[in-house]
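The two complexes that follow have subunit A in common; it is paired with subunit B in the first and with subunit C in the second.
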Partner chain A sequence: MSCYTVLCYKNEYTMITPQFTDEAVKDILRRITGLDLQKVFRPIKQELKAPTYKLMTDEQLEQAVALAKEQAEKLLQMPPVLPERTPISDVLSEDRVLEGMDSAKYVFTDITYNIPHRERFIVVREPTGTLRKATWEERDRLIQVYFPKEVRKISPPHIFKEENLKMVFSQDQHEHVLNLCLVQFEPDSSEYIKVHTATYEDLEKHDKYDLLRSTRHFGGLAWYLVKARRIDGLIVDMLKRQLLQDAVSLVRLFHMVHPDTESAQEAANKEATNIDLLTIYAQKESQRSGYIELALQAYKQPAAEALAA
Partner chain B sequence: MSYVGMMEQDFLDKFMGDGDVTRKHPSLLLKTYHGGYVVIRLALAGHKQANRPFYRIVAAHNKRARDGKYIEQLGTYDPLPNVYNEKLVSFNFDRLKYWIGCGAHPTKPVAKLLGLAGFFPLHPMTITEAERQKAQTQVTQTEEGSEQEQKKAEAV
Partner chain C sequence: MAASMQLIGNLLCRITPSILQPLRPFQSLQRIPGQPCLRTSPFMLPSHSFCNEASAEKAAKPKVVTSRYKDRPWDYLESEEYIEKYGTSSVWTGYRRNHKGGIPPQKTRKTCIRGVKVCGNPCPICRDPNIIVHHQNVKLLKQFINSETGIVYDPTRTGICMKQQKLLVKAVGTAKDHGFLTFQIPYVHFSEQDFSSSHDAVGKTPPPPSLSAGDSWYKWYGEIIPDETEVAKVKKIYADYLK
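Here is the complex of A and B:
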């Protein structure tokens, strides 16, 4: 009886845990990402154009800045975080009669223009005579052959190999690699997930969170860390940069995603806000509690001084 | 005769676009094929390159040159295998169904390809060729076997 009730409870609460696509989660992640216009619109390699100069009043300047903020928000749209796709292994027909007819496979693609790429028929006839559906990698490659997307290559660039990734991380080019990965692979393919996990692990190891702040990949990084329950480094980094509200939002997200932890339950009981929330989390959950409390002290001091003065 | 009417319409659709008036009064200079029919066949593309065949699967009139003007391209066929040992074939099934519905005849190689793709049933010549290939490989294997035995006998 007891095991049955435990099973029930587990099923119930796996349905309640928020996913990446929930509005509340997305809202928190967007706020944590920040909006540094100088970083979003920094100079990048582009076609050379002569510079334009405009004479504006203050109002026009404010309007231009507002427009720039809207465009920045569009640029900072987070790419989806999806579970890994299950491999395709459908056999449509087995014709042993055709065995030995040809040493090469025949790959048939349907190039009808207005069907989505996920529903396209791509079918392979093996030299043994079996007619099977193409695997995900074959599908991606052939769709790129017949419907090329701009920067995507047919075979993945060598930068995604492990040795080269290490070199790239030592040069602090995580954002560059993640942008290339986003263009090259589908969001639910295994290579995409592998590259992203490698990047996030490296960032967490070396505490280089600021490289991704104010880019579209920060949300993914935060979500990965929350799921893995390793947000201590990120909280410390935020407190060092005086981003108290961001740290509080992150802890709130953590409590949303893992409501069964001690800190979540205590926070719910006490209905704590801001610094209290952080202290509860520091005491109950984190491994680096001393660090967090120190940082909180450092944050409280200027506030106390300001109050005193 | 209804055939020719359909083909005239296709030509007019292509050259003159919309306009019911033109459909009722076709130009006398417009070339039509009398008694011809539409085929779906392989047309060789890239004829400036020697020893590198590449075919377009094409709906064309029967009397036209093999590589000449076609009505519509329906796909491609690359007979040389690529790095991954695949021969790439593409079909625009939507338009293929339209042309077959209009009464176009696929040629033997196109029918074979469609049979291999699973769109048509398997062509009987495909099966015959597969059996011939098997017989050929068996004959060469027995020949090689007997040659090896001869060599061993000589060596001894």
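Here is the complex of A and C:
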């Protein structure tokens, strides 16, 4: 299922907003994330082995670097962004005969090995006799009991509580929290969305976007900011680091997702590219337009100096 | 003269052994690595005990040493006291276990402190009462973790007793759980079609037709006619339990 935006006249064509899964959107987000091989392949904490040395010709070295880039792109696969799952509240049967038989709930789980977890039947018999389907939290807990995944705990770790999250953010460990969240929760669960929202909000508040650059979480961050219409901080950060093309791609993505804004319509009319796009966005849409214009000038200055020299 | 003083000293040592005990914790406080140990000689005791025997007996009740940093153990690692004692090296560098023979036992001692009694040559954590193993005391915990592999060092390497090693491992686990320490998380692979909730197990199913007052439990209950003799037999067996 692919949806394409139609940047045309509103009354003639129906607008279909692009989703996270669209190829165009993914392509832009992948380009914005960047590919810093030194950061992607930084040494991880593992059992120490003696180093291996290889003698290579230039060609072999280039081949090895290309292979590394492919591997890095696989590692930078973006985790899915899904809407929150609807809670399960289906009652299968009401058996008053069984009321008061026991004081505990009985949970029946289907532990057939070859079925996907989303098709697994898990039902709960309450002490009142009702037989109902298990809620999402109960499902996740029980699937972890019978089919344990490594590092995932049965009850979520204390790091996801408010105070601990604040402490972790103050130590700039956002990537660690997001990785833990990916391991612990399902992508459509409410805790996953809450943790991600809290992390993205903190990053936006303190302008710490560079922590997630060249990680798999950058796409999610950019998508969240674009949806919330708060991409000013990110654009300023990109311009400070001399990443003009990334800023331009981000603004283009913004226009794709919100085609009804003034800047999107003006950009479509003028068919602007690169710096003009940014200036149009800065004038029309952003709250920190002064900042963006300053940053643009600061970007143009070294280019002008290089031309003059 | 010297011999008689020694005899008196030995006698008093035997009579008031409990007075000697409180000395040891204070000895360990004063012991600074690199400097000779200041052992308070037993000869100082006799005059003390002759003068105030009653108060000495009162003072003989041993006190458990509580640290100033009991509520905030991480403050100690920033204090001057700590820097003077240990500098930039870890708490366990330079500590050497006492054991017979060339190969040390593969387990360190069970514990250094039993009640109020402290052993000779206590381990790096027990010898300094201000060092408290706590899950928020990240600087101290990191000294016992290999920075490259993320594994806690073996107690035979650091020299700490088994009780403190257990507490340390537990504290490291809690710290990782609460986010004070980071660790390597394995890569999670997401495949494309995993997240639909259309299957009956997780999706909506129509509610069952509920029983109204007059209906029997199963539809076929009404159609079956029970055999009278069988029913009488069963009733006879369970006569005591029937209402």
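One rule holds in what follows: the second predicted complex is superposed on the first by the 294 of 309 C-alpha atoms of A that agree within 3 Å, B and C clash if a C-alpha of one lies under 4 Å from a C-alpha of the other, contacts with A are read in each partner's own complex, and residues count from 1 in each chain.
Following the convention adopted for this analysis, a residue touches a chain if its C-beta (ideal position, glycine included) is under 8 Å from a C-beta of that chain, and two chains touch if they have at least 3 such contacts.
Treat the numbers as computed from the prediction; the structure is a model and nothing was measured.
*Asks:* Which term applies to subunit B and subunit C once both are placed on subunit A by superposition, clash or fit?
*Replies:* fit
*Asks:* Identify the partner contact of A:H158: answer first if only subunit B is touched, second if only subunit C is, both if each is, neither if none is.
*Replies:* A:H158 sits against subunit C, while subunit B stays out of touch.
*Asks:* Could you tell me if A:E99 is touching subunit B, subunit C, both of them or neither one (first, second, both, neither)?
*Replies:* In the superposition, A:E99 touches subunit B alone.
*Asks:* For A:V177, using the defined touch cut-off, is the partner it touches subunit B, subunit C, both, or neither? Pick first, second, both or neither.
*Replies:* A:V177 sits against subunit C, while subunit B stays out of touch.
*Asks:* Which touches a greater number of subunit A residues, subunit B or subunit C?
*Replies:* C
*Asks:* For the superposed arrangement, I'd like the angle with vertex at the C-alpha centre of subunit A and ends at subunit B and subunit C, nearest 10 degrees.
*Replies:* The angle comes out at 60 degrees.
*Asks:* Once the structures are superposed on A, label A:E70 by its partner contacts, choosing first (subunit B), second (subunit C), both or neither.
*Replies:* A:E70 contacts neither subunit B nor subunit C.
*Asks:* Could you say whether A:P79 touches subunit B, subunit C, both of them, or neither, answering first, second, both or neither?
*Replies:* In the superposition, A:P79 contacts subunit C only.
*Asks:* Subunit B and subunit C, closest CA-CA distance after overlay, in Å?
*Replies:* 9
*Asks:* Where on subunit A do subunit B and subunit C both make contact?
*Replies:* 92-93, 97, 121
*Asks:* Going by the contact rule set out above, which residues of subunit A touch subunit C in the complex?
*Replies:* 43-48, 75, 77, 79-80, 82, 85-86, 88, 90-94, 97, 116, 118-122, 133, 136, 139, 150-151, 157-159, 164-165, 167-168, 173, 176-177, 179-180, 182-183, 186-188
*Asks:* Could you list, by residue number, the parts of subunit C that touch subunit A in their complex?
*Replies:* For subunit C paired with subunit A, touching residues are 148-150, 177-180, 182-190, 194-197, 199-202, 204-205, 207-208, 210-211, 217.
*Asks:* Which positions of subunit B touch subunit A when the two form their complex?
*Replies:* The contact residues of subunit B facing subunit A are 75, 81, 85-95, 113, 116-118, 122, 126-127, 129-131, 133-134, 137.
*Asks:* Which residues of subunit A touch subunit B in the complex?
*Replies:* Touching subunit B from subunit A are residues 92-93, 95, 97-113, 121, 123-125, 131, 142, 145-146.
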